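Consider the two complexes below, in which subunit A is the common component and subunit B and subunit C are the respective partners.
Let's look at the complex of A and B:
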């Protein structure tokens, strides 16, 4: 690891620790409404001020980061595994399998995922608790988001399948399972890891998009997505420089930067 | 000679001076008159519409944009004055309604001309009304007239039109506020270019604007005898984004904004307090109701909660409406008293009192139905924890804030609310087809102030009877009672009797709380200081209801 990656990893670790320590660090419960202190500027009681319902912004930011930072990697893991299985297996098998996985990948890439998510969200039972709804949302992101990664994995596996060392191993009687696990998989591992790192910020942003539409993580749970909705009030940004929303977006961007740098470095 | 000549010379000089002074005064007067004229006439008012009008046919106007064009271009027989809320003569200088309420006779204003200079007569009224009630045209403006059964229209003479209905129609006059009279040759297929209103459609660029030019033959004059309207033109920019609308207002590109959101209003108010005006409660309210549909897929215990008057009243008492108005609407809303806003001056029942916020009282009321507190949670007599989902449309900030506030308010009495904003088609599907929801929160606008316009909500057989729509027979005695009074108010022409019946409906609704009225939104508008004679009101169109009298400071 070079120095930049160490710094990125360190910052990322700090962000994760802050998020994980929300229970201890948050000055107030994230849902508690101090109705006489709505849109309060930063103070000793409210270090980042309060939102339009009088909820402490710092507490909501910490809890929101926790949700996004824990669930986005989980969704990325699901999508990367699916990409490895569908893209990798299809390309390795070749022929009709390869063609059908290609068609399936193209089909998933062409899906209007946002509408699909809206539809699935609308079909969910209304009684499910907010946290379950969040988990379902991220799980859906993972299940629907494998196609782009699968294309990359598939191209890599196709190259490996026709490489000389694989041909040699096959010619020397190496069974397919051993060929896959000992020769192909170790060689696509960096690509899978890169795809994982790239998917994490993608899913955080997707959740943020859903949150901006009011359809991501539901109230009163906070997430980066619904916290960023305060950025819609552009006038408040100028009148209230202390507004935490830019800070939250900054944290988001820094975190994404770290993820992407780490992923790209790893891939290279 | 000299004695004579000298005074003559003096006189000549005096006369010359007087002539110069007179000429100067005349020039000054002409100049001042010109100044006055420029203040009274000319100028192009610019406002926005949310989308391209779907039609310029005034009888077919249904969407907001088409309706705005209809209002600005259409000449009507009777106008509901948006300020006084009373009916006023327009193209009909007077009218009479027969005692049994089945016939209305319009005496038309003489000398009125269409925008091309052609004469207006009773034949135009007859042709327009016939088109409006033609079932083949499906005119949304003619629907209320068709409720009177078989209708005949005829011209008694050039200036008299008579309309006869099979059944009496209560509040008949107000129906003509929406029917723009077109030339007989164009009735049913008019395009708002040949009109009797203050402006006529002159140009349209799809997605950009609609330009309305002054009708030079408009019949109305101001008190000083000047022909109206003062403005030369009105440009309606097509603009759906409300943030952009405010930016363009601040840049001076548009001069009026109706129905502002509390957030945008606050933005404008902090920069230019004189341009932002809060007119008080409007006729738009926010309400919450529980699903009482018998065939809904809800479990029986939930259906029992929602059918309980005490449960509904307790939830109502546990909600802090003052906080909803203060926090969710930034103080630009008023806690609702009942099904009507006080902005509806005549029909609002002034005996009703706003529900008090009383969580302790709510718990007492719940105890009467066997509900009890078990730790922090409230449970029914079978031990089911009281929890319900509350749906609303996603993206409406104030409504989403209300949802969060209600969630916390009800938590105080042990009720868990699962607040779920959904996209609107999903809500409509659940409300009208699957009935798969517990409670819903939406807004209603009473465009028409008359109780007749509420028939489609309050009759138990109505499709918009949200909590239990389209009942074959009233499911509860109190709904039967409401039906009785709604029909009674509809079948009499005695306004005070109608008021008494409708007051009764309001009282039953207040007692049973099938709909929990939360807040009445305040009418928030923006008016540029350049606009003269602006007199915004709570009814739409809020800022340009008196368009003929508006002028722009040059």
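Let's look at the complex of A and C:
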């Protein structure tokens, strides 16, 4: 990693620490309502003001960031593992397995991502507890977001399967499990890592879109998606610039991720 | 012969998508909570015989394979089923809303391509690090903003929200075409043409475009899919009566049959767009070396 990427990683680490320390750093609990101070402008007590229910915006932003920054990597881990299992195993097995996993991947890729998410999300109950909605949203992202990564992983595994060193290892009697663990997996690891890093900002953005459509994390739990819904109040945007804070933080985090991802992609 | 085989491969892919997608959808509908619950059971005005008749009718739908068979038979006659939440046939809803989405997609895809190429071409010609960095930062910024927020921003400044789709598409077009153009401009035959003093326009038209037409057409298919995805939040935020808004309404009212039909149709359209661009790519690409 070059110096610029180290700086980006450092900034991202600071944001992570801020989000992780929400319990300590947040001036108030995320759901606490100060009913006498609704729509309060920024002050010493409320650095980003309060929303229309009197909840402290900074506290909600910190807690919302924590949810997205902890669960998007978890969802990315699920999708990368699924990509490794479906794409990698199919390509390694070859023949009909490879063809059927390819068809399945193409089918998933042909469905626009948000349409698929909406369909599957609609199959689950909409009125669910806030904590369940967080788990459901990110689990769906992880379970349905494997296809693009699987295509990359399967192409890499296919190349490795037909490579000379694997053929030689096979010819010298290397058992399939050892072949997979010692020769194929270490070579696919950088690709899996790159796919993981690519998925994290994608999932953060998708949750934000779902949240804005009212199908993501539900109130009173904050997330970038439902915090951005305050932007729908056009009239307040011009004289309340602090309403842009969730968008600014989202753009900062996603751009830092993308900056690091560019390096990972290049390395892999 | 080769092109016939390619066409048949793509047709098989479209048919497979329809069959697998339909089966997947039919299965998902059955897994949804509340499936099979009869509202008529709560209607005291209906007799026991009528309720039994309705149950018998429903029993056919409960078996996924029999339902799927009926669904395919209906599909072959253009019958896509009935939307309970909208109280209208799905085909009628699609007919009403498709033009709005197609218009949004056309504006979005065309705008995205124009903007992407308008930024990518100077980045290749000038090779100025400052221009390249600025263009990369601008496109990177748009990749970091959710499409729903982009649509909102357009509404705030009083512009049509549909243009937000163009801003979702253009970063992808810019990045892909810039990389492709840089590689193509470094090819020996292009360097020779430059050394012989050919004009920039002639080099682009005769030596660069024929080389990049194939991959660009493949990207065109992909951008249709990207634009479809962006159409949901954009149409919801801008309250435009298209397929994206219909999908969102169907999701909120848990009208799964409607959603499954919509997803299947959109999958077919995107697979067809990708297949079409894949088929055109070899004919569009000319070996100019």
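List of remarks:
In this section, the second predicted complex is superposed on the first by the 223 of 268 C-alpha atoms of A that agree within 3 Å, B and C clash if a C-alpha of one lies under 4 Å from a C-alpha of the other, contacts with A are read in each partner's own complex, and residues count from 1 in each chain.
FYI, a residue touches a chain if its C-beta (ideal position, glycine included) is under 8 Å from a C-beta of that chain, and two chains touch if they have at least 3 such contacts.
The shown structure was predicted, so the numbers you read here are calculated from the model rather than taken from an experiment.
Of the two partner chains placed around the shared chain by superposition, neither subunit B nor subunit C is touched by A:24. Once the two structures are overlaid, the count of subunit A residues touched is higher for C than for its counterpart among subunit B and subunit C. By the document's definition of touching, of the two partners only subunit C reaches A:111; subunit B does not. Once chain A of one complex is fitted onto chain A of the other, the partner contacts of A:127 are limited to subunit B, with no touch recorded for subunit C. Once the two complexes are laid over each other on the shared chain, residue contacts for A:35 go to subunit B alone; subunit C is not touched. Touch criterion not met for A:171: it reaches neither subunit B nor subunit C. Using the contact criterion defined above for the overlaid structures, shared-chain residue A:54 touches subunit B, although it does not reach subunit C. Look at A:96: by the touch rule set out above, it reaches neither subunit B nor subunit C. Within the superposed three-chain model, A:220 lies in touch with subunit B and out of touch with subunit C [touch as defined at top]. According to the touch criterion, the shared surface of subunit A, contacted by subunit B in one complex and subunit C in the other, consists of residues 118, 121-122, 126, 213-215, 234. Only residues 31, 33, 35, 38, 52-54, 118, 121-122, 126-130, 213-215, 218-220, 233-236, 239 of subunit A touch subunit B when the two sit together in their complex. Residues 243, 263, 267, 270, 323, 326-327, 387, 389, 391, 394-395, 400-401, 403-405, 407-408, 418-423, 426, 429, 436-438 of subunit B are the ones that touch subunit A when the two sit in their complex. Listing the residues of subunit A that touch subunit C in their complex gives 103, 106-107, 110-116, 118-126, 201, 205, 208-209, 212-215, 228, 231-232, 234, 237, 247, 250-251, 254-255, 258-259. If you check the complex, the residues on subunit C that touch subunit A are 13, 16-17, 20-21, 25, 28, 31-33, 140-141, 143-149, 152, 155-156, 225-226, 228-229, 232-233, 236-237, 247-248, 250-252, 254-256, 259-260, 262-263, 266-267, 270-271, 274.
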